[in-house]
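Two complexes come next, and they have one chain in common, subunit A, joined by subunit B in the first and subunit C in the second.
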Partner chain A sequence: MFNSMLKTFDFNSWNTRGLMVTGAIMLALLFLGPTIFDLFTLLKVILFIAMAMLALSLAFIWGFGGILCFGQSAFFGLGGYVYAIGVINMGESTVPILLAIFIPAAFAMLLGYFMFYGRLNDVYLAVVTLAVTLILYAFIRSTSGEEWVIGKARLMGFNGISSIPDPNWPGFPDSLLWPDDKFYVAMALLILVYFGLRFLLRTHFGRVIVAIKENETRAELLGYDVRFYKMITFTIGGGIAGLAGFLLVTFNNFVNPDKFALALAAQIIMWVLIGGVGTLIGPMLGSLALLMLYNWLGTQNFAGWLNTYLVFGGIILLFVLAVPQGLQPTAQMLALRFLPWTRPTDEGGDSARNGAREGRAGD
Partner chain B sequence: MPEMALGRGARVTDAARPILETRGLTMRFGGVVAVDNVDFSMAEGELRCLIGPNGAGKTTFFRCLTHQYKPTSGHVIYRGDDITGSHTHQIARRGIGIKTQVPSVFDGLDVRENIWLSARRYHSNRESNRVVDEILERIGLTGVANRLVGQLAHGERQGVELAIVLTGDPELILLDEPTAGMTHEEVHRTTEMIREINRTASLIVVEHDMQFIKAIANRVTVFNQGAILVEDTMDNVLKNQDVRDVYLGKREVA
Partner chain C sequence: MDTAALLIIEVLNGISSLALTCAGLAIIFGMMRVINFAHGEFMMLGGYTTVVATNAGVNIWVSMLILSPLVVGVIGILAERFLIRFFYGRLVDTLIATWGLSLLLIGIVTSIFGNYITGVSAPMGNFSIGQYQLSVYRLVLIGLTVILFAGIYLAFTRTKLGLIARGTMQNADQAAALGISPPKVYMVTFGIGAALTGLAGGLLAPISQIIPTVGFTYVAQAFITVITAGTGAITGTIVASGVFGTVRQLVTYETTPIIGGVALLIVAVLLLRILPQGITGKIFRRSL
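Here is the complex of A and B:
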C-alpha cells in the first residue's frame, strides 16, 4: 500500500505546515546555536552544516533532476581549494567565496555539457563523474613539490593546505569571523540554499526538471531541451557543492585531497539514499546521522574481527533494507497516518486528499 | 533532389504543398528493417489513417518522424524543410505533436501538472492556468484534475496524453492507437474530438478499429513489413486483395 504510488512532488500545495516547521527549527538553530553549544561543539556543527550543504547539492540534482552523480565530491573539494588558494592570495575572502561557488559551477557546466549533449547514459554518467573526482584526488595528491604554487599558495599535495585564513565580513578585510559568526553565516547559508531550492522547484524550471526525471521522452516531445535543463541542474548542484567546500574550510582552516576521495564520494550517495531520494531535508539529516554514527562507532571498542567500517557498513545496509524509502518519506508517511495535523492544508482549490498525497508531500 | 525540396509553383501549388513528406525513409534494427524506404506524403489539413498488422512499422515510422529514432537513411520534410537531423524538442517546437502508443505521460504528477507543463511551454504563467482549465474541460478531465496520472484508468491516461498534446497547439498531430483501451463511449467521444481537431490541424492516426477509421478518414495508408502496401480511400482499401491477404494471412483483426 505504501509502495503503490508515491506522488513524486506536490506542486500545488506548499505543504505550508511542513515548511513552517522546518523553517522554525532551522531559524531556532540559527539564533540559539551559539547559546546551546559550547565552542567545540559549535565548530563541529559547522562541519555538519558543510556536509548538510553537500548532501543538499546531491539531493537536488539526483532526487529532483534525476542525475545520479557519483562524484559530487569533485565540486566540494574544488570549492575548498579554490577558496583556500583565493584567500591566501588575496588576503580577503569575499571574492574567493564567490569563486568557490562559481568555479565549481562552471566546471560542472562544462562537464555537464559534454555528458548531456553527448547523451551519456546514466551508468556512464555515474562512472565519468566518479572518474573525475578520483582524477582530481590523484592530481592534488601529486602536488607536494615546491613547484606546485599558485601565487602565494602552495598546494602541498597529500598534506593539504593548512592555516587557511578565516573569512572576513565583506568589505572589511580586517574584521574576521569569530566562531559564532562562522556558525551564523554557515547556518544562514544553509537556510538560504534550502529555501532557494524549494523556491526553484516551484518555478517553471524546477517543474520541468522534475518532469524530465519522470519521463524524459515526454518532456522532449513537449519541446523541452532536456540536455539544457540537465546541464543547468548539474551546474547548480556544482555551485552548491562548491559553497559546501568553502564552509568546510571555515571549520578548521584546512583542506586536503581527501575531499575528492572515493570514501567521501560514496558517503554522499549514502546520505541521500538514507535521507530519501526526492527529498531535501532527509539527506541533510542523513548526513548528520551517518557522520555522528561514524564518529560514535570510532569511540567504541569492537571485539576481534569487528571493526568500525564493518559495523558502519552493516548498519547502513540494514537501514536501507528496512527503510528503503529513506528517512523523510517514511517519517512523512507515518506522520500523515498518525498525526492528522500534519496533513497538507488545502489551498487554492480542492486538492484531493487521496492516498497519493501520502508519501512525498513536498519538502 | 533539391528541386523537390523547393517545390516551387511549377510542380505543386502552395495549397497542395504537403505538410509532411518522407523520402526513402528507412529504419533498420540490426537485421530487421522496421521502416523500409518509405515515400510518404500528405497534404495540409488532411486526416490520414495508418493501418497495418502488428509489427508493420507504424510506431517506428512515427518515432522516425519525431526523431525519437534517428533514421538509418532517408529524409523527413516538414513544410518544405528537411527536419531529419532536428532534435525531438525542435521538431515539437515546429508544431508536430505525438500521442504515443503506450501513453507517455508524467505518472508521478497529477493531471493538472501534466497539462500545465505543456501549456507553460507556450504561454505565460497566468495564461497557462487558464489554458489548463480550458483543456481539462474540453477533454473531460476536470473531475480528475488533482489525481495522480499513474493512478488513472488506461482510457483516462490516454485522455491525459491527448490533452497534453493538444495543449501545445500542434499543426500536425500523430496519434498512435488513440482508442486502445477505451470504453465504447470514450471511443465515440474521441471520434468526435478527432474530427474537431482536424478543423485546425492535420493528423495521422494509427488505428485498428475499422468502424473508427470509416468514421474519420478519407485516405488510408496501409503499412506492411515496413513498406507502404496501398494508399487509397477506405472503401478501395477494403476491397484490395493485397490488404486482405496481409490481414487474413496473419489473422490480425484490423
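Here is the complex of A and C:
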C-alpha cells in the first residue's frame, strides 16, 4: 500500500507543493505561536484552532464524502460535554479526551447506520441531522434541574458547565497544561488531523469515498458497499468534531448548550461554503475569517438594524449566487491563470481539484 | 373521563397544528421537490403579519385568513423569481440558498421588530370539560385544518389548474409541448405553497409565541413529516401528521414537550428505516 502511495506522491504537482507549503506554514505557527502572540491572543488562537478543526470535520464529510450534514455541531457539543463530564468525574484527562472522540464517533456511526442503511440522501440527510442537533440543544437546555447529574458533574442546563478542569499530560494527573502547552497540543492536533485526512484521501478508502461522491451508482456497481463507506466517513467526521469540542473546552474551561445551537451549525456550513467545498484549507481559513467578522460585528453598534442573521444570510446568498465554488478554488484558478510559476510542470499530473483543472483548460 | 376527553382534544390539536405546519411544504417540497429551508420563516412572517395587523385594529379573522396568506404568498413569489428558480434541479444548492434566505428573513424581521416575543390572544374565549378550561379556538383550528386539506385535495384533483400543476410536476417537457409554460406553473404553485404556509403561520399565531427565530422550531418537524409522507404528498402528510402528532402529544402528556419532540424524531427515523420511500411508497400508493 505504501508503495502505491509513493507513486501518487508526485513532487511537482500542485497538490504536493500545496501540501508542503501548508505544512511549512502550520509548523512555523506551531513553533513560533507562543513567541509571536501574547497570552490573551494565544488563548483566542486556541479557539480559532478548535473551530478550524470543526471546519475540517465538515469539509471532509461534505467535500469528499458528499454528505451534507446540517448538524455537525451535535458532535462538537457532544465532544465538549463528554470531556467535561469525564474530567470532572475522573479527575484525570487522558481517558476523557479519548471518550470525547469516541462517543461522538459512535453516535455518528449509530445515526449514520440509520441514515445510510435507510438510503437517505441530500435533503433527507440534512433534515435528520438538523433535527438531531435541535433536539440535543433543547434537551441539554432542559437539564438545569438538580436531578440531572452524571456522577459528580451537574449538567446545569442552559447555564452550561463551568470551571472544567484543565487537561493534564497523559499519565501525570498533577501536571496540568499551561496556556502555551494547550496551544502546542491544539496546533499539533490540527496538523495531525489535517495531514491525517490528506493521507486518508490518498489511500484506497479515500479514493473510494471520493468515487462514491462523484457517482454513487457507479461505485455501487463496481462492488463497493456505499452505505458502509458513507457510514465510516460520517463516523470519522463525528470523531473529529468531538475532538474539536474538547479543544474548545480547553480554551475557556466552559461548555454550554450553544455549542449545539443552530446558529453554530449554520456557521460551520458557511465556513465550508466560503472556503470551498472539496478543499480542506479553504474551510479552515473560512472559519477564521467568519469568526473575526463575527467578533467585529459584536463590537460594533449599528443602531440596532444590522444583526448577525442579516450579515450571514447575505453572505450565504452572495456566495451561492456569485462564488459557488468558494474562495480556495477561485483563488487557485486565478493563481494558475495569472501567476505562471504556480503552474504544475506535469500536465498529466493529478487533477483531483476542480480549480486546477479549470485553470489548465484556460491555458 | 374528563381526562380522556382532554387527551383526545390535545392529540387532535397536536395533529392539526403539525398538519397545518406541513401543508405548504407538502406542495413546495412534497410535490414540486423544491427544498425550501425558509419554510419556518415563511410561517414566522405569517405570524408577524397577523400580530401586526391585529394590533393595528384589523379584525383577527381577516388578518389570519386573508392578510397572512396574501403577504407571504407575495413574498414567496418574489423569492421564487429572484432566487429559487435559478437552482431548480440542484437539490443541495437550493438547500443552501434557501437556508441563506431563511437567515436573511430572520435578520430583516429582527431589524424591524427587534428580538422580542410578541403574540395575539386567541379569539372566542373558553369552554370547560369538567374541571378543565379549554379555548374554543383550538377546536375551531381542528375544523379549519380539515377544511384546508379537503380544499387542497379537491383543488389538485378536481380543477383544471390542479391537473396542469400535477402534470407539470410529473413531466415538465411534456407539459411544455402541450402549450403550458412550466416556469409560470412553478411560480404559481410555489406562491400557493407559500400562501398556505403564511396561512398556517397566521392561524397558529394565537396559540404560539412569535419571535424572529420561531421558524427553527417548525422547519425540522415539517420536513421530517413531509419526507415520511413520501410521493403522495397530501395524503401522506395527513397520515404522517396523524402518526407523529399522536406520538408527540402522548409523550408530551407523560413527560415534557422536549421529550415529545425527541420521540417524534425517533419514530420518524425508525419509520424511514422501514419505509425508505415514505408512507405512500408502501400504502396509499395511488393517492395524491
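Note that the second predicted complex is superposed on the first by the 315 of 363 C-alpha atoms of A that agree within 3 Å, B and C clash if a C-alpha of one lies under 4 Å from a C-alpha of the other, contacts with A are read in each partner's own complex, and residues count from 1 in each chain.
Keep in mind that, in the parts below, a residue touches a chain if its C-beta (ideal position, glycine included) is under 8 Å from a C-beta of that chain, and two chains touch if they have at least 3 such contacts.
Remember, predicted model here, so these are calculated numbers, not experimental data.
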{"item": "Which of subunit B and subunit C A:214 touches, first, second, both or neither", "value": "first"}
{"item": "Superposed model, subunit A: greater residue contact from subunit B or subunit C", "value": "C"}
{"item": "Touching partner for A:123 - first (subunit B), second (subunit C), both, neither", "value": "second"}
{"item": "Touching partner for A:310 - first (subunit B), second (subunit C), both, neither", "value": "second"}
{"item": "Footprint overlap on subunit A, where subunit B in one structure and subunit C in the other make contact", "value": "none"}
{"item": "Contacting residues of subunit A [partner subunit B, same complex]", "value": "5-9, 11-12, 204, 207-208, 210-211, 214-215, 217-226, 349-352, 354, 356"}
{"item": "In the complex with subunit A, residue positions of subunit C that touch it", "value": "29, 35, 83, 86, 91-93, 95-97, 99-108, 110-111, 114-115, 212, 216-217, 219-221, 223-224, 227, 256, 258, 261-262, 265, 268-270, 272-273, 276"}
{"item": "Residue ranges of subunit B in contact with subunit A within the complex", "value": "66, 68, 87-89, 92-93, 97-98, 100, 104-110, 112-113, 116-118, 120-121, 125, 146-148, 150-151, 164, 168"}
{"item": "Subunit A residues within the subunit C interface of the complex", "value": "68, 114-115, 117-120, 122-124, 126-128, 130-132, 134-135, 138-139, 142, 262, 266, 269, 273, 304-317, 320-321, 324"}
